[in-house]
Amino acid sequence: MNTTVNIPGLSLKNPVMPASGCFGFGKEYSQFYDLSKLGAIIVKAATGETRYGNTTPRVAETSSGMLNAIGLQNPGVERIVAEELPFLRTYETSVIANVAGSTVEEYVKVANGLNHSVDISALELNISCPNVKEGGVQFGTDPELAKEVTYKVKEVSRYPVYVKLSPNVSDITTMAKAVVDGGADGLSMINTLTGMQMNLKQRKPIIANQTGGLSGPAIKPIAIRMIYQVRQMMDVPIIGMGGIVTSEDVLEFLLAGANAVAVGTANFQNPFACPEIIEQLPKTLHQYGFSSVEDAIGKGHVT
Amino acid sequence: MNTTVNIPGLSLKNPVMPASGCFGFGKEYSQFYDLSKLGAIIVKAATGETRYGNTTPRVAETSSGMLNAIGLQNPGVERIVAEELPFLRTYETSVIANVAGSTVEEYVKVANGLNHSVDISALELNISCPNVKEGGVQFGTDPELAKEVTYKVKEVSRYPVYVKLSPNVSDITTMAKAVVDGGADGLSMINTLTGMQMNLKQRKPIIANQTGGLSGPAIKPIAIRMIYQVRQMMDVPIIGMGGIVTSEDVLEFLLAGANAVAVGTANFQNPFACPEIIEQLPKTLHQYGFSSVEDAIGKGHVT
Amino acid sequence: MINKQLLPIEHIREIAEETFEVVLHSEISAELKPGQFVHIALHGHMLRRPVSVADVDANAKTFTIIFKIFGEGTRALSQYQQGDNLDVLLPCGSYYPVESLSLDHALLVGGGIGVPPLYYLGKTLQEKGVHVTSVLGFQSKSQVFYEKQFQQLGDTYIATNDGSYGTQGFVTDIIQQLDEPIDYYFTCGPTPMLKAVTNQLQDENGYISLEERMGCGVGTCYACVVPLRQNPKESKKICKDGPVFSANEVMLQ
Amino acid sequence: MINKQLLPIEHIREIAEETFEVVLHSEISAELKPGQFVHIALHGHMLRRPVSVADVDANAKTFTIIFKIFGEGTRALSQYQQGDNLDVLLPCGSYYPVESLSLDHALLVGGGIGVPPLYYLGKTLQEKGVHVTSVLGFQSKSQVFYEKQFQQLGDTYIATNDGSYGTQGFVTDIIQQLDEPIDYYFTCGPTPMLKAVTNQLQDENGYISLEERMGCGVGTCYACVVPLRQNPKESKKICKDGPVFSANEVMLQ
């Protein structure tokens, strides 16, 4: 079974990669399995400077999902390039860097910083992280801003840029169109939906930041819908994510129009989520009558 | 334990009511229990004329949720007033009529039609049903249109109007503000999130309408967040809904700022969902240190 | 009146490939009529699963369901064990109007998971003295179940798609070769089969039983509608007005 | 190295009000060190639950956890039975550096569900010949557990909030009255207790064990951070760098 996928900057042996923020920079999960099994790895967000992130509690459990408000804690792009990314060199897999910021300038700074790394193959532009007070979310819901930040990052980056869309919008196709107009090489969708959970005993939101991003199987139908809608409108490469747990879920994303997929929350439940999905995928594709991954992409569209 | 709640047009003995579309016009569930136990009943949507609705399959199951695309099937406002609503007269509970339409004129027509009914106490203006091709969803995502339809319905209706908001928007507070400006007596939130599920065998969306509305516990964190945000901004009466299954869920909605709540999908899993929640609620309130329902409303807000 | 009951599993066993027979104990088993279904809640699943009544033992106050593993829910159900309780709504839906029909010879036509309700129907007809002929279709030999039980009711013909058992082909191939006149036919199975059968037997009186994805299962949510043949703008609910309809009442899609 | 194992429950019993002791069999039980935790997956729950190692039997290749019902997950866990398997990540986190410390007298201070890890610590210390004094706090009599076991390790004092057993009040009330000098204290329990204890014993060397809501439990997600006392802009991860920290390393919030 041919499971390879080729999208800008990425020649993937299989379409499955851990999602940003759910795999750190790979070290911890490398004790469970050989990271070379992975199609690619999307590492934790990088910002211009070190960020401490939000106060705790930062996570909560919901029905078939979880909320998180980590707040982009990371050591900053410079240290990430110098201290974190080289570790992944030894693995035969592609690395995608996740770029975050509060201002267009910060995004550009991070993209510039990442130009110094030889360990990555593409950028994922996180314009949708809902957990940063200053600005973070506007980029993800305002098409003009989204287009601008995409354009500015494309201008400086030597890597293909996948823009990660926020699902917290009325019309995902407008956002998709805007960032493609801005020069995005591909899309990554979806990020988390903004949610909240109450602590009944303490009479306040569980998450210290009050709101958090909802991820996990709960949001899969929203991810599938949005990918379907965007794929219906245009032929841009899409890395799909949101609630993937099994190889059947991966096939569902492929049918909806994703070219590759990322697995986030499922890693927490099962550290072997990615390699297990990768192992199952050929069987699943075969079972449903597909001869390769490419063969399944977009095949769920009613014409 | 005092569980009464007073909001425009509704003096409720308890804050729990079945949600629109999940309880028909009450007949079927009346075989399970005495409907007089309910705080109120929100009946199925009424449109200007008979609607057949979408082709089947109309529902799908998701992780901790379901998708539906019924498509507003209903016998039309006239027959609802004449044939369906009188049945509920014998029960000591308030009835809220759900108003839907494809044009402002149709909403007004339905509201006018409902003026002829003596069996209802309030309207719920469904500007958010995502399953009707023509127009349905625009009202729910465009603040100007939402304000206009609210205003026009308020102009003709002799009943208080609760406007039911769609969660498929970037900023729920803008929508809330618009409809309150339009004269809404209260809000009802949230309706379903637009989602999709693939049929892997048939290589097409399970729901014939392709997309459907996501409901159930999966969406509760989004409902809680939106109610919290709106309550933070203004003091409008809110009927909260989205994933309620237990009396703890009800308390969570109250803390977030809902004055009353509706239970939808849970009725399908357990026909006794509403009376069981109503029975548990006083114990739950007591357990968490509240002396009445009113006492808990909005108490989850961090000041 | 529909009840919600917690019913102990008296017995569960695999009777064919991924096909399970479950006997449940309920005080109201005797009220269940042929063609009706029960609506089963499963831990971790939002929606209940509709499954037909396959048999009733009024004395023992038990009834039987037979299901095939189709997806996650039926897979979960197959892992329940004797003594476990199932949360069930019952009885649900309409039934074959056995009492009000006068007939001498009935033809039962079932396909796959459409076979179970026909067994209870056949038994009831037999008790009324009706002569029963059964034509049952399965995908292949490993899927065949209840052949012996149907043989107790009368002539029984099996078709398998792959020819690994009985006649190779479809139930319609067998029906074509039956020459005894029938008064009524009763059919349940996948929609393509129902279409073929109702077409083939369009000159006969018959009843069909339909399947559709359900929300409530009790008639409130309009998930399970089927358009009327006479007027496709009007519809019936499969969970409440059905699953049994007279053969010409509704449009098969 | 952290492993993911499916571990059979050898034994589960309620040892105090809503408090359960579970013995699990694992080939690597002997690798578990005092202070470490295991991360348990539960059906129908997205996130694993961290629970401390309360005891290890290296010969039998078993270890013990003790947990109190707090919410849905621990309630579900309490319903598991002997023979059921638990999906567990182990060993997780840091441990009390028993091997590298030289000490004669250790004070263990535990509150509620902070008590379990101290038992395994106490046993390990005792085996090293350390003199152990234990001060344990519970809400009320019905919640007290493992008193006898701790008594085997040395002097054991119990405080209950409501005075229904032992001393009425907090562990700090008891500590105040202890007059023997200690070399190290080890404390685990709710944050207010940790604050009070570390304050009271600020002139002593000590180790604390922290709790926080976790995502991954293995150090990737940054859910469980705690700021450093010296530089609150820097942080440690409780799941990986902790749960055990030296008393002055991190800021208690």
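By letter and in written order, the chains are A, B, C and D; residue numbering begins at 1 in each of them.
We take it that contacts are C-beta pairs under 8 Å (C-beta built on N, C-alpha and C of every residue); 3 or more make two chains touch, one makes a residue touch a chain.
Computed from a predicted model, the values in this text were never measured in an experiment.
Centre-to-centre, using mean CA coordinates, subunit C is 56 Å away from subunit D. Averaging Cα coordinates per chain places subunit B and subunit D 46 Å apart. In whole angstrom, the spacing between the mean C-alpha positions of subunit B and subunit C is 36.
Contact with two or more other chains is made by no residue of subunit D.
With touch defined as above, residues shared between interfaces to two or more other chains in subunit A number as follows: 62, 64-65, 216-217. Taken as a contact graph, with one node per protein chain and an edge wherever two chains touch, the assembly forms a single closed ring in which every chain touches exactly two others. By the document's touch criterion, interfaces exist between A-B, A-D, B-C, C-D. Residues 21-24, 27-29, 31-32, 44, 50, 52-53, 55-62, 64-66, 68, 70, 73, 206, 216-217, 265, 267-272 of subunit A are the ones touching subunit D in the complex.
Interface residues of subunit C, counted against subunit D in their complex, comprise 43-44.
Interface of subunit C with subunit B (complex): residues 1-2, 4, 41, 45-48, 73, 89, 212-227, 233-235, 240, 253.
Residues 62-65, 67, 141, 168-171, 193-198, 200-201, 203-205, 210-212, 214, 216-222, 224-225, 228, 243, 248, 251-252, 255-256, 288, 299-302 of subunit A are the ones touching subunit B in the complex.
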